[in-house]
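First chain A sits with chain B, and in the next complex the same chain sits with chain C.
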Partner chain A sequence: MPGPRRTRRATDWQALLWLGPSLLLIGGVVLYPAARLVQASLSQYSVTGLYQGWVGLRNYARLLRQEALVTVAMNTVVWVAVIVVVTVLISLALAQLLDRRFPGRRLVRWALIVPWAASLIVTSKLFVWIYDYYFGILNPVLQSLGVLAQPVDWLGDDSTVMGAMIAVGVFVSLPFTSYVLLAGLQTIPADVYEAARVDGASAWRTYRSVTLPLLRPALLVAAVLNIIYVFNSFPIVWTLNDRNPGFGHDTMITYMYKIAFKSSLRDVGLAAALGVVNVALILVAVIVYLRTVRWREAEA
Partner chain B sequence: MSGARRALGRAGLSGAGALLALAFLAPYLVMLFTAAKPEVELRVTPPRLTPLVWHWTNFAAVLRDGEFQTWLRVSLVVALASMALVVVAAVPAAYYTARHRFRGRTAFLFLVLVTQMFSPTSLVVGLHREFFELDLINTYTALILTNAAFNLAFAIWILRAFFASIPREIEEAAAVDGCGRLRVLVRIVLPLSRPGLVTAAIFAFIAAWNEYIVALTLMTDPDKKPLTVGVTSYVTAYVQHWNSLFAASIIAIVPVVVLFILIERYLVGGLTAGSVK
Partner chain C sequence: MRRVMPVLLLSVVISFLAIACDRGPSAKSGGVASIKVVIADYSKDNTRPFWQALSAAYTKQTGVKVDLQVIDWNSIDQQVTTMIQNNQPPDVLNLNSFSSYAKDGLLNSSEDVLSAKTRDDFLAAFARGGEYQGKLYGFPILSSARAFFYNKSLFAKAKIAAPPKTWDEFVKTAQKITALGKGTIGYALPLGPEEAQAEWSIWMWNNGGDWKSGDQWAINSEKNLQTLKFLADLANTHKVTQVNPGKTNRTDGAFQLFKDGKVGMVMGFSPLAKQLDAEGKVDYGVTEMPTNAGAAVTLGVEDYLMAFKKKGNQEAVTKFLDLYYQPENITRWITAEGFLPVTKSGLDQMRSNAKLKPYLDALPNARLVPTTDPAWDKVKLDVQQNIGLAVQPGGNPKQVLDQLQKNATTAGGR
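On to the complex of A and B.
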């Protein structure tokens, strides 16, 4: 168009052109499957995955009647709550350490990257090996330290498997969380600390009444993002809980996956209903997140 | 002397840092030691941390394994293609939203943010339905599209921040010289945003390289499995080649750790969408 002025409509059309590839991707691979998920939750399928008709809310009613549902929901609450709380607490200390200057700091930050960059499935397999009752290194290490008298079957014993999985969940969540909190710490100007020092505040007092309040935004972001990530986490529970039958240690995500894809179950409608519930829960967390960061639009 | 005390304090911090680094690396050292063990040493009781005989040839054996080569090829194709797709889609979107206000801009950015929060995990049943009906199970297309869509957000945030930091005057001068908007983007803006482009590309590559659940669900054909899914077949109910599994894992991990370190300083900004600066 040769004219210098463009009409409102023309600009909108142009926007569509520039955003087009992104919109196609998001529409095709995020929004459409979300719609298909909802539709599947209202339908019935054969074990081979063929559509057998509309059943209304019957899948949701069936979901509520599943014996495992209460256990799985409780597992999910424990899984998310414990990992997020423990991760944030440890990360507060790690961020504090990484915020100080010392020789070798960069190497420490690089070491922290490793569990973050490694694929979760590989790390999960690694811990299956480390936890192994016969050949894993954890039992002999703990025995030689005097922590354990007898070896423990970490992933086979009903009383230890959730704790063992949570430990791995914390391990892989620490890097991201520490980095977010570190970024938060680095926004606090040095003169605030200077003022506290002049006032004669102790280190602990300074931390509690200066650092923590100023760290609040970063803490909230770290906590809410972790809630979403940990809720969505799949490979750890999928792998470490692999040889236990039933759903005694599953979360809502792995339970959904087993219903959908384990050949003995294959109940697409039921899995989709649970999937919709999962998506709804994540949406709630997303809304909380947006409130937390007071998101309007990242300003240009 | 306070100087001496400070030096002592720094040494203490270094010591704490070294312990911390060791704590994070320890599991991966177990991985490395196990990868270097000969088959017979995997089932020794009580288990030993390090091999009696260092069997580094395990790495060469894995690299020569035809199946491993297939997984590696699939991973490379999928990760490179989805990286390219992310950049192609994110650059114009990031540029236009950084430079123009228009109806629907807020809605678009909101949509991008929401896709970032949603991993494909929660939608996997819907994704499987979609690709099953389109007959795209066991195709690269399905995996590439999924990885690209879910990693678009990070690229858009990073690139927007870089584009927005370029003074408009530079672009206006180029426009006066008769450059169209696309030419300004390609000739002026992109070269100035190289770190942002590199970061976005590396992040998209790593995310696709490490992706597991969608690949597990869609790629059932042995010739179409990427590394994340393929390597797990070294250890099943029937065979337990932990040394091969971990040798393969290390080969898969080392390059991405190096790449991740390269983009370390931009990670938090991209993942928290500018909310913690």
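On to the complex of A and C.
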């Protein structure tokens, strides 16, 4: 006896039933907050957070007139670009190392996860104390090594704050990136290397012509996700920069928070407008990046 | 793509439905079953236990449940703003500002939610500090006063007989302590964003300046410019402060250095004394602020309780506030936290405590920052974010004060 034929319609409804929970979840934690963000960016709020009416695009116009915006935008570019590039370069080396067999490899692999597993706030606080001018361990170490003649106020000196924050940013981004690249390395079949060896390619040549091209999908994933994570990173900049007045070392994300709650603007609407701009920026940045590295080609 | 569209549309519809649903508070007619009480976290050991016990007693007495939220100072502004933005304000809120909330018409005044007995018990200065347009909206919850802390061992080493009374003596004292070397710091000056307005207020007042002159902001007055230049000189000319005072916060900066015995002098308050006593590492004295204007002035800080207007909550809130303001309750808590009283009955009870004497003595001469002006909530943040820049090498005190003045004047308009 042939089974009952299902109509296309019923299949669609059944699919919807199964998709339902995840749709609700996406609606609740992605679309709903996004819609509220856009709504807030078009509204005026008093200093207490009380809704005072619809103002159209006025918040966006005001945002463009903020003096600090250029500095903050430049900071953000430096913050994202340097961390992502340095992280990927170091991670390439780390992944290569972890791909080799050596005694204690398991231990090293576990150790690499630690900065990833620790809370960002805890890590940042730890670095605040490492960098501290009076109590920190970094100055005495560098002085005893003869690198520094005088102690440096790493988090107070305008010329070192960004570098100090970037170092922490790289430190916490390494585990994830290394593991993505390690996974990429392990998908490269051994016989390709075999062929390269038979052809008499040098180690460097093999790396450049075999490993790197085959690692491309993993590199893309690592770079794109890092751009997004680093751009959106709040705790490091917030914690390491909390002693500094003004907006001289803020990124778009901490600037947004300061606009809403910690500056004389104290304006949720304006901060929401910057939030929308941030989402748009990160989308554009990722699209431009994927276009330049020709995503489709890499897929093939 | 054709199949994705309906799914996307559905999600969009769902999210907009959700937006529509959470508009408007869920008000019940006549009386409420529970009230939301939001309290700032003054200390891990005392705040939550006290308010939990008080809430339990309240529920037992009235049958009204308490949704108690104890929120740390770093995020309370953010969380309260979000509550109000989402139309879910608390019934009772504890914060260090109130007038913006009164201005927005969100609060009940004391006449609506406090008994006459409670209202009459407030110390006059603190009751005045909670008034907006002639009515009491910010009910004093506790107070504190700053005092001048000095390290007795360092004073002895530098052969300084007594703490400085004037600014000239202060500079000389700081120089002698700094001259001890080995990283010793004469005075720890915290003008970083955490609490710069407090440090600045004290120096400003002790030079005869003020935030306002009459009803007008006077942040860039001649006196204040002189004061800010004096502070910049401490850092850059006399070099008697810690490194980068414009980028040092109070709690993990200046206080930390003083607790470590590296600092000769710092402006502290009773909770710092409590920590110093607990650690027992530094032999310290507490005295009046050095002054350049004759009489020493200190900063009094008053925090507030506010009663939000919500349908049917008036009776429940009144009973809750009455319970807190029972002399034994409010005094028990203020004593536990190491703060100062805001009520006459509390002052009478706490006078006997010798440890509190320097602060209680200072209280009559304590001045409050202009929290009664709604513009203050923005001015305070502006000062926190900017005044530190003036004492950095190459900083421009005049430009910083002029900008603060300009922003303060426009903040009132908005």
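What we mean here is this: the second predicted complex is superposed on the first by the 278 of 300 C-alpha atoms of A that agree within 3 Å, B and C clash if a C-alpha of one lies under 4 Å from a C-alpha of the other, contacts with A are read in each partner's own complex, and residues count from 1 in each chain.
Basically, contacts are C-beta pairs under 8 Å (C-beta built on N, C-alpha and C of every residue); 3 or more make two chains touch, one makes a residue touch a chain.
Computed from a prediction, not measured in an experiment: that's the story for all the values here.
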Which of chain B and chain C A:L19 touches, first, second, both or neither: both
First, second, both or neither for A:G275, with chain B first and chain C second: first
Comparing the two partners chain B and chain C, which touches a greater set of residues in chain A: B
Touched partner set for A:P115, first chain B, second chain C, both or neither: first
Partner chain in contact with A:G49 - chain B first, chain C second, else both or neither: both
First (chain B), second (chain C), both or neither touched by A:N244: second
Touching partner for A:E194 - first (chain B), second (chain C), both, neither: neither
Partner chain in contact with A:T123 - chain B first, chain C second, else both or neither: first
Chain C-contacting residues of chain A that also contact chain B: 12, 19, 23-24, 26, 28, 32, 34-36, 40, 49, 134-135, 257, 260-261, 268
Residue ranges of chain B touching chain A (in the complex, touch as defined): 10, 13-14, 16-18, 20-22, 24-25, 27-28, 30-31, 34, 42-47, 49, 85, 88-90, 92-93, 95-106, 108-115, 117-119, 121-130, 132, 145-146, 148-150, 152, 156-157, 160, 164, 206, 209-210, 212-213, 217, 227-229, 231-232, 235, 242, 245-246, 249, 252-253, 256-257, 259-261, 264, 267-269, 271-277
Residue numbers on chain C that touch chain A, as the complex places them: 3, 7, 10-12, 14-16, 18-19, 77-78, 80-85, 87, 100-101, 103-104, 106, 183, 191-194, 196, 242-244, 246-249, 252-253, 256-257, 260, 262, 374, 377-379, 381-382, 384-389, 407, 411
Of all residues in chain A, those that touch chain B in their complex: 8, 11-12, 14-15, 17-26, 28-30, 32-38, 40, 49, 94, 97, 100-105, 107-123, 125-127, 129-130, 134-137, 140, 171, 174-176, 179-180, 182-184, 187, 217-218, 221, 225, 228-229, 232-235, 253, 256-257, 260-261, 268, 271-272, 275, 278-279, 282, 285-286, 289-290, 292-293, 295-298, 300
Chain A residues within the chain C interface of the complex: 12, 16, 19, 23-24, 26-28, 31-32, 34-36, 39-40, 45-51, 128, 133-135, 153, 155-157, 242-247, 257-258, 260-266, 268
